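Take a look at the structures listed below.
Same chain, two partners: chain A is paired with chain B first, then with chain C.
After this line comes the complex of A and B, so read on.
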C-alpha cells in the first residue's frame, strides 16, 4: 500500500444515525450522502408487480419508489443506527448496513488497472461495543467474497474523526446526532473510560416540536417527520435564560413572531400568541429538566429514559453542561483545563439558525448556550467552537485517518486501531 | 486486349489504405513465392498474382495460378488472384474459398472489383514485413543498452534527491522522523482544506511505531 495508492483509494464511511456519508479521498471537501436506512419490500409491492423487481433490501434514492402504506413503514423501513448501536442479533439492521456499505463502495469503484480494493475507514459511535466492530469487519469480508472492493479496513470512533477533521489534538467533542449524544474527551486518542453518552438527540427535539404543533392545531402535520423537522429548524430558538426569555415572549409575542411557509404547499404555520414555545424546542435539546416540560411528559411526550447498553449507562435527562463536566472530570487533573479550552460541537442536532439581532440577550447560538451552562456550574475558561459543516466532519476525519495511519500497522483489539488486511 | 501495366491495381489497394511493397526488398528467394505485385496495410502483407486472358487459353493455368497463390501464404498474410472479368463466371468459387485465396477481376477499362474476400492469416512473422538491415539492428541494440543505463542512473539520482529532501525537512523542523513530514509534504495545494496543515497527519503516521 504505497502513498500513491492511499492518495487514490482511501475510502471513508460514516455510519451516522440519520445519514450514511461515504466516498473516496478523491471526493474533495464533501462526501456523498444517503439516508441510513433500508426498506424490505413486500412481494405485493407495486414495483414488484409492475417490473418483477426482486430486491430484498432497497437503499438510497430508490427507497421512496418502493414505500407503501404508512403502517408498513414501521415494520419494513429500518434505520439501523437510529441509536448509534445495533443489537448483535438484529439481522435485518445488519443486512441494511451491508447493503448500504456495498452501495457506497460500488458507487466509487474505479476501473483503473492498479485498483486492488479500497482502504476503508468506517466510523461508528464512540459507544459502539466490540461486537459492532466485529460485525463491520465480517460484513466487509462478505462483500469481498463476491468482488474485491476492499483491500484493508479499520474502524474509528466518530468523535475522534471530528477532532481529526478539525485539526485539534486535545479537546472534548460533543457529537449530537438524531438518536443520542456522545461527549468524548480526546488527547491524541479517544479517552474511552471518560465517554459520557446521553440518550437524547435531534429526534427528541422533533418530538417536542410535534407536541407544540399539535397544541397549535396542526395535529395531522405533526405526524409527518419531514414537516416537523422543517418546523423545528425554522421555529426553534435557544434561550439565553429559559425563564426570562419565555416571560419576555409571553409579554411581547409579536417580537418573536416567525411564520413560515412550507415550500411547494399552501401550508403556513403561525404561532401568534404562542411564540414563547419557540424557546421550548431549544431548551429541551440542551437541558430538558425545567418544570415546564413536565406537563408535556404527562400529555404523552416520551421522556428521554436512562438506558443501559453493555457497560454504559445512557442518561436521558442529563444537561449538556453537566455531561461535559462529568466526562472531563474522569480525565487526569492536569489535562482537564486543556479539555475545557477546546470544546467542539458536531452533529446535526447543533445546526441552528443564528438568531436575529433583535433577539440579542434572549436567544443565542449553540456554543454560547453550552458556555452558559458551564458558567452556571463554575467552569469559565472555556472555548467552544462549532464544527464547519458538521454533517461532513466525521467523513473528513476518516479520510485523513486512512491516509496517515501506516499500512503495516496491524489491527489491535486492545487499542481498537490499525488495519485488517483483506489481501 | 488490356495489358497488366494498364490495370489500376495500385489505385485499388491504395484507396483501401494500403501501400505497395518493393518485392525485391522482401527477401524472397524462391521464384514461386514472388508475387506480381504486393501491398501492406502495416499489419498484413498481401500478395497478388495477375493472370491475363491470353494465359488462360492454356489448360490448367488457372489451377496452377490458384496453387501458386496458396504458396504465397507462406510469406504473406493474404493472397489474391486477379483475372479478366470475363473468366470469373466460369470459375468454381469453391476452389478459392477452400484455399482462402481472394479473387479480383478487372474489366476492359482496367477497373478492379473484389469478387471473393481472401482469408487473413496471421502466422507469418511480422518482422519480415520490412527487412531491417543488419547495421540498423546493431544500432538499435546499442540504443537499448544506453537507455537501460540512463534509466538506472535516473533511478539512483531520484533516490538521492528524495533522501536529500527528507534530510532538509528534518533540519528545518529539528525532528528525526522523516516519514511523518514526508506524508505532510505529499499533500498538494489542490488537496481538500481539511487535509492541509493538519497536525493529526504527523500523529497518526506514528501509530504502531510508538
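After this line comes the complex of A and C, so read on.
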C-alpha cells in the first residue's frame, strides 16, 4: 500500500541557484523547470488597476509578462537562492521560495481521491545552514494550511542527491550550477567541513560570452541574457591546453568556425577570424586565471569575487582542479584515494557538448578537462564521470530518495534525514 | 529532416515488483541484472546506469518491506516501446506481477487523447492543469494522467499475466496506441 502511494505521490524539488526543478514521480526522468525567481510587481499603476488582477509575487512562465521598467528589475526581481543561501530574515526571498514551491505542487496536484498530499523531497545546496532546513519545513507547513498538498517532507543536500541518483556512496561530487559551484566529498554522508564552495558558475561564463559578443560588434544582443546564454552554449569550447588551442585557432581560424542563427530572427553570429575566443568561454568555466582574462577584467568583465556567507568563504577564482584537491585533502587520509577515484560532475554548467572529432587534441569534454587540471597538480589516479543529463541529476536523486526512504523513518536533526510528517 | 508532423516523444518511468526470497539483497540485485541482460541487449554501464538497446535502466533499487520481502524499483529512461515489453516479459517470467508507471513527454494532441480517455471511461476528472482517467483497454485497466501544459502523459497499469506480454495488452502496445491517438508515431 505505502509503496503504491509513493509510486504515485513522491515529489522532488531541487532549489538551484537559477532554476527550480520540480515534479512528481509521474514525470518519469525529467523534471519541469522554471527560473528560481519571483517578481514583485508594483501594483500601483493604471494598467494593473484597470485590467490586471493584482498579484503580490509572480513566478514561473508568467514573469516576463509582468516585467516593468528595466530599472526596477534589480530591486523587484528576486533570485532567492542566488548563492545557495538565504539569510534568515530576508522575508522577500523566503516569500519567493514559498510561492515557487506552491506553484510546483499545484502544477501536479492530482484529482484522485486517495490523495493525502505529496511526499516531498527538497534539495538544497550543501552549504545551506540548518535554519534553511527549518525554514523550508515551516514554509511547507504554511502551504498545507490552505489545503493539504504535503503529507511528509524531507530535505537532502544537492551533492548527496547526485550521489544517490548514481548509486555511489563514496565519491566527490562537483555540482556546478548557474550561480556557483560546490565541491563536496561524500562518504555515505556529505563531509560537511570538507565542502569547498566556489563563487563561479554558468552565469560567469555568460558574462565573458557577453564581452566577446560586444567585441564582435553585437553590443545590443550582448545585453540580452537569453541570447548570451544560447551563444555560450553554441560557441563555447573547452580547450585541452588553453595556450596551444588558442594559438592554433589564431593560426587556422576556419578550422574552428561555427556560425549560428538565432531562431525566430535574421541574426547570424559569425566569429570569422576570432574563433579562438570560443576557447575563452570554456577555459573560464574551469580556470579563470590565465593572463588573457586580465584584459577583460580591466575592460569591465566582473571578476568572480571572494565572498563570505556566514562562516564560509566562497572563492571566486579557484580553478576546479585545485578546488577538488582542497576538498579531498580536508578528509581522512585513507579516504582520499577513494574520493579521487570517483569524481562525479553534475549541474548545467557541465552540460558542454562533446567536441567534434576534428578538434581532437584541441577541444575536450568537461571530464577530461578536470582530469587534465588534476594531472597538472600531480594527481593522476582519478576516475571522473559525467552524470547522465547533469542538469537533472539532483532532481532524479530526490525522486529515488523519496521512494527508498521508509515512511516511518522519522526526521532526525542530528543526521539530517528522515521524514517530517504533516498528518 | 523537417517532418513537422512527426512528434518526438521521450518515454521514461518506473517498474516495481515484489520478490519473496531468502537470498541477500546483493545476490538478488545481481540476479535481476542478469535476468535483464539475458532478455534485453546489454550495451554498457555508465555512471550507475545500465544502457540497453532501446532503453536505459537509470536506477535499480531493492527496498526491504516490513515482512522481510523485497520490492524492486527499476527506473528507466529513453525507452522504446519494445524495451517496455521486454522489461515486462523478463520480470513476469520470474516474478508474478509488476506495476508500471510510465511517462511519455511530447507535443501530442492532448485534446484528442482526452476525448479518447473520456469515452467509455470508468472515472474521469479534470482540473485547470491536468486530467485523469481510469479506463479499460482490451483486458487491462489503465490509469492515465495528462498535464497538457507540460506536454506530459503518465500511464499506470499492472501486469500479471502471460497475455500481458502480447499485443494488444503489453505496455509497449498501450503506450504506442496512446501516442498514435495523440498524433505521434512512437
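Going forward, the second predicted complex is superposed on the first by the 415 of 423 C-alpha atoms of A that agree within 3 Å, B and C clash if a C-alpha of one lies under 4 Å from a C-alpha of the other, contacts with A are read in each partner's own complex, and residues count from 1 in each chain.
Quick note on the criterion: a contact is a pair of C-beta atoms (placed from the backbone, for glycine too) under 8 Å apart; a residue touches a chain by one contact, two chains touch by 3 or more.
Please read all numbers here as calculations on a predicted model, not as lab measurements.
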- Looking at the combined model built on chain A, do chain B and chain C fit side by side or clash? clash
- Note on the structure: Comparing chain B and chain C in the superposed model, the one touching more of chain A is C
- Task: Tell me which partner A:409 touches in the superposition: chain B (first), chain C (second), both or neither.
- Result: first
- Message: Going by the contact rule set out at the top, does A:300 touch chain B (first), chain C (second), both, or neither?
- Response: neither
- First (chain B), second (chain C), both or neither: which does A:64 touch? neither
- Message: Per the contact definition in the header, classify A:396: touching chain B only (first), chain C only (second), both, or neither.
- Response: both
- Query: Which of the two partners, first being chain B and second being chain C, lies in contact with A:263: first, second, both, or neither?
  - Reply: neither
- Is A:28 contacted by the first partner chain B, the second partner chain C, both or neither? both
- Message: I'd like to know which partner A:378 touches here: chain B for first, chain C for second, both or neither.
- Response: neither
- Message: With both complexes overlaid on chain A, does A:167 touch chain B (first), chain C (second), both or neither?
- Response: both
- Give one of first, second, both or neither to describe whether A:3 is in contact with chain B, with chain C, with both, or with none. both
- So which bit of chain B gets in the way of chain C here: 1-9, 73-81, 127-135 or 163-171? 163-171
- Query: For chain A, which residues lie in the overlap of the chain B contacts and the chain C contacts?
  - Reply: 3, 7, 28-29, 165-167, 396, 399-400, 403-404, 406
- Item | Footprint of chain A on chain B - complex, ascending | 179, 183, 186, 192-195, 197-205, 207-209
- Task: Provide the residue numbers of chain A that touch chain B in the complex, in ascending order.
- Result: 3, 7, 28-29, 163-167, 169, 188, 396, 399-401, 403-406, 408-410, 417-418
- Taking the complex as given, what residues does chain A use to touch chain C? 3-4, 7-8, 25-30, 32, 106-112, 165-168, 344, 385-388, 396, 399-400, 403-404, 406
- Interfacial residue positions of chain C with respect to chain A in the complex: 10-14, 16, 46-49, 56, 58-59, 61, 63, 65, 71, 73, 75-77, 99, 101-105, 125-127, 129-132, 145, 147, 149-150, 152, 154, 156
